[in-house]
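Look at the two complexes coming up: subunit A is in both, with subunit B in one and subunit C in the other.
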Partner chain A sequence: MQIGKKKLDIFLLIAPAVIIYLVFCIIPLVSSISYSFYDWNGVNEKIFIGLGNYKELLGDGEFYNSLKNNSIIILFAVMIQIPLAYFLAEMLSRKLKGTSIFEGIYFLPAVISTVIIALMWYFILNPNEGFINVFLTRVGLENFKKGWIGDNKMAIYCVAFVNVWQFVGVSMVILLAGIRAVPQDIHDSCLVDGVSGIRKSLTVTIPLIKEALITTTVLSVTGSLKMFDLVFSLTNGGPGSSSQVLATYMYKQAFFGYRYGYGVTIAVAIFIFSAIFSLIFMRITQNKD
Partner chain B sequence: MYNTQKNIKKTLTYMFLIAFALLTIIPLAWMVLLSFKTSSEIFNAPFALPKAIQWQNYLKAWKVVGLGTLMKNSLFVTSVSTAITLFASTLCSYAIARIDFKWNFKLYFFLLFGLMIPVYIVMFPMFRLNQILNLSGSYISLIGPYVAFQIPTCTLIMVGFLRGIPKELEEAASIDGASLWRILFEVIFPVLKPAFATATILILLNNWNEFVLALVLITKNKMKTLPVGIAAISGQYNSNYEIMAAALIISVIPIIVVYLILKKNIIEGMTAGAVKG
Partner chain C sequence: MKKLLGMVLAGAMALSMVACGTPESSKSADAVKETEVTTKAAETTADSTASDEKVKLSIYHIWAGGDSKAGVMTEILDAFQEKYPNVELDIQTDTYDAYSNKIKTFAASDSVPDVTTMFGFSALENIAKTGTLMDITEFATTDQEIKDTLNDGALGAATYDGKVYYLPAEVTVEGMFYNKALFDKYNLTIPTNFDELKKCIEVFKSNGIIPISLAGKESFPSLHLGQYFLERTKGSSALSKIAAGEEKFENPDFMNGLTMYKELVDMGAFPENIGSVSYDMSRQYFVTGKAAMINDGSWNIAQYDSKDDPEFGKNIVFTPFPAFTANANGVQDSVAGTVGAGLALSSKLEGARKEAALNLIKFICVGEGANKFLDQKFLMPVKKSGDPALLGNLFPQVAKAVSEHPNFVQYDNLLSGAIGPKLNEAMQELVVGGDPATILKKMDEVTAKELGK
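Entry: the complex of A and B
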């Protein structure tokens, strides 16, 4: 009696979450993967083509172009966002006045919808009436005017920059929490031994906050791999397809090119890439323990 | 000597912190400036302050873009899906963290697996399902995936928190003969308040700002959510910068107000999943 009742209780506790999760996440995941084996425009009869979509993907220049652009965004996140976030966190961890105000300001862009952020930067980076070019004209530096998001060489770097701008605050807060958790006597013994500045960062602080560093790296890398909103609203992948990323390419193929099966295949590729990244990083953190 | 060095260092630090704060604020400030000007002022005197503040830009933006409807839709979808997520996920997390059954861990990892799944993957079958079941006139098609995709995050936070609660709390109550459900509602839920706060903030923000699913799954104009409605204005009002800017300002105001009030909780909430994961 008691055991039967316990089983019923457990069932009632887990059923709502598990059912919703299965119906709206796992089952769509499985059926999506199955779509990727079909040539399908979303309307007519599906045609089974086995690995055809995957073969096409591996020979698709625009797929590699998108992958390259995602890599640029990831590179910016890892090489600029995280060092900058560390630098800011290190400064805010000193006992100065007003640190919580700075923290609040730096974090702000992360709570605002990326679509709004993108349009906001459109006012700054568009080549015609954008803030930067208008400013350069006014101060007589017309030679430095650039095409920014209208230039097919620069557009992707603009996207990568705005992404760093939006999320550097999040990385900073994670790293700051790590730095603040370093015990005071470690700081004290550094002071006694005369270890400070860059040497202290490299030999003492960074090894101690390794976990926080790995966490923010994983978050920025997987976030950059899945990026859609910013590119869609800031450059829409253009000019041409110079700032196309995997997710916008997927969207274009599926909903404008009516190549449903192929779009799903790109989505599966994004899933595989981010799963590989997460697993590698999980391995690294586990080895440490 | 040592003191001057220290002061120089302090000044440099502040200079850098302030410079970076300006870099964060200038885009917002520029947008505010644009929103108060007339079209011709934007074109002829881009850096000057407006001669008179053009409040009617805001009225126009509110009406033309239909911000009232967009916000109402977003608020509805966001609050309903957040409430369902919290309810379903907390019950499930309780079972995972506090009751021993055969597949606690398996269930936990199965749910956490969802953290790795990009929304793009469910988008296609959901879009299909919408067409087949003719759901495009209903928010179920959006709320379902919103709940499903926040369950992993919510479970992560809840299980982490529940594991930290001493067992004695329930044991005392169960000796008194209270049923599982009474223990849950009268003993556990009150203790979970801080975890609820963290999870609610995180999930609310994620859903409020969600774009891709809303873009693909909601096709009716009057049902669109705020990010989708905002994304559409860039094409329509390309030449009316002041209207666009005013619309953007109106749409960030609610978030900024909430942020100013709950700053500490929001920063904690948004990084909680990350730090615990």
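Entry: the complex of A and C
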């Protein structure tokens, strides 16, 4: 009897949290996924088409194009942003004058709204009126002018670069916290044993800040997968669809093309990719522990 | 994994909260509605003269904020409240983008505001099907003031399935704006046909001036221009045949049209790196004299006319896109003129509130509101004209073009479902370097899918 009452108490105490979680998280998520089985324009009657949207998605060239563009952004994030962030963090971890000022400067882009960042880079990378090309013309280096965001092949790299610029500070702060947590006696023994420079980084620092590295990698990869605002404001997926990413393609289908069901299908695909990535990543890191 | 799932769920929650957020004020309006309906149920036949009965109405419109009509719309609503003090307006506004998403939610959840902005064609079709809009056919066709004022055929755009759903309050015209000063400088005349246009393009190009300003970052500007190529080579009647499955996009005439469009792209008629040129920037090229021509809409008349340089507006010439001499199987002298947005009513209105709402849309669309719009150089589908002293140089030219030339409806508006938006994309693809045949093939694929439903 006592145990039964206790169970009831527990149930009553967690009920509010569970109900809020169900109503605002689980139910919307499940109902969203269910829309992907319908042909629906967002207003009128939904028509059940089973896996029709998924079949279409697998044969949709623009979907693969968007996926490819997301991959480029992820590659930039992992191969450039994180090494760069580590380099900056390593520099700033030395006890020198003015490091806190630089810490602030590098972190600054992360606190500015993405739309403002996109607008700023639009004025820099715009091929006709943009700062870079105007500057090159003024100093007589016209041959070095490029199409930047107006060029089919370069636009996505410009987006990936701006993304790195925006988030390198965030990765840096996480890594810096990791580096600063390394005990002083380890630094001292390195000094005694004569280990320094790149060798110290590879053999001592990086293994010790593994947790921080994993965190920042997961954050940048999932962030790149669901990236929307920067692409939407900087290139609007263009020229043509050369810098379209999954999230902007989803938006275009759902809200511009009156295809809500198909848009949700793309969103489910983003969800699946994020889930697969994190599962793989966690498996790899678990094995090493 | 749990953390990630948690993050995803939190995102979904935030989204759902945004989507469900009905404005606080409309809820209170609903509460008032209930009491009004019960008290007024007996007097549904009351005539339209203002009564002393207090009535509360919600109005949801998009002529606010950064919109060029924001100022005049506020004036109109103030004037209405002054004239009808018994009607209390609860005004909610949005941008066009937010509106087009929200109105779907309103319709799907049966919470359309009492008076709301509505657009013709596919937007109206989608919302009208839900039964949340009031059928105002009787009012719109029998009211004497409306009959006397509204242009013939203006209600066509507001009609779906034989029923009128809104009163239109705007006409949008798209055509060519020419900077006459630049044409004079290089001894050119305003082109009347495609060959002359190409000559002008060559001259401007060789003098380092952008011949025709056009934006490729957004998709609609390339459609506003591109529709003329389809209109001149075949005509908009083809679109209704396409919608009925009797014709295909990939036909010789449309092929010719897009090939000629592509010819201009290849000649360098448009700004370089057009894919990154935004609509704002394309207009900037024109008003700063960097470009000699622009294909744009009547909604920018006020901007072109009241530019800082008073001489600038005097030198602008407006005409429909030049006629074709070759491949001219379509309509040669037509101009894109579409009856645009207007105001519709919620089907829930009854009694005094219905009377007041009908009165309100009449006031805005054909009454004093129409006069104020006209005075501010906004085209209206009405047989009235604004104060000639205020109209400037450009407005009369556009108004004349619409009244003297046959009009055709903006092409994407004639296509239902996903086909219209796809045509915008297709034109954008063409101006950034796409190939006409592939583009038309894609259009046919989308059409087949849409018709197969």
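Points worth noting:
Note that the second predicted complex is superposed on the first by the 259 of 289 C-alpha atoms of A that agree within 3 Å, B and C clash if a C-alpha of one lies under 4 Å from a C-alpha of the other, contacts with A are read in each partner's own complex, and residues count from 1 in each chain.
Methods note: a residue touches a chain if its C-beta (ideal position, glycine included) is under 8 Å from a C-beta of that chain, and two chains touch if they have at least 3 such contacts.
On a predicted model such as this, the values are computed, not experimentally measured, just so you know.
In the superposed pair of complexes, A:Gly240 makes contact with subunit C only, with no contact to subunit B. Contact with both subunit B and subunit C is seen for A:Pro28 once the two complexes are overlaid on the shared chain. In the superposition on chain A, A:Phe232 makes contact with subunit B only, while subunit C stays out of contact range.
By the document's definition of touching, of the two partners only subunit C reaches A:Gly147; subunit B does not. Once the two complexes are overlaid on the shared chain, A:Val134 sits against subunit B while remaining clear of subunit C.
Within the superposed three-chain model, A:Leu202 lies out of touch with both subunit B and subunit C [touch as defined at top]. By the document's definition of touching, neither partner reaches A:Leu58: not subunit B, not subunit C.
Looking at the shared chain after the overlay, A:Trp165 reaches subunit B, while subunit C stays out of its contact range.
Taking subunit B and subunit C in turn and counting the residues of subunit A each one touches, the greater count comes from B. Within the superposed three-chain model, A:Ile47 lies in touch with subunit C and out of touch with subunit B [touch as defined at top]. On subunit A, the patch touched by subunit B and the patch touched by subunit C overlap at residues 21, 24-26, 28-29, 32, 42, 122, 129, 255, 271, 274-275, 278. By the touch criterion given at the top, residues 1, 4, 7-10, 12-13, 15-17, 100-101, 104, 107-108, 122, 126-127, 129-130, 216-218, 271-278, 281, 417-418, 421-422, 428-429, 432-434, 453 of subunit C touch subunit A in their complex. If you check the complex, the residues on subunit A that touch subunit B are 6, 9-10, 12-14, 16-18, 20-21, 23-29, 31-33, 35, 42, 88, 91-92, 94, 96, 102-116, 119-124, 129, 131, 134-135, 138, 165, 169-170, 173-174, 177, 212, 215-216, 219, 226, 228-229, 232-233, 247, 250-251, 254-255, 260, 263-264, 267-268, 270-271, 274-275, 278. Contact residues on subunit A toward subunit C in their complex (touch as defined above): 21, 24-26, 28-29, 32, 39, 41-44, 47, 122, 125-129, 147-152, 155, 218, 222, 235-236, 238-242, 255-259, 271, 274-275, 278-279, 282.
Every residue of subunit B that touches subunit A in the complex is listed here, in rising order: 10, 13-14, 16-17, 20-21, 23-25, 27-28, 30-31, 34, 42-43, 46-47, 84, 87-89, 91-92, 94-96, 99, 101, 107, 111, 114-118, 120-128, 144-145, 147-149, 151-152, 155, 180-181, 205, 208-209, 211-212, 216, 226-228, 230-231, 233-234, 241, 244-245, 248, 251-252, 255-256, 259, 263, 266-267, 270-271, 274-275, 277.
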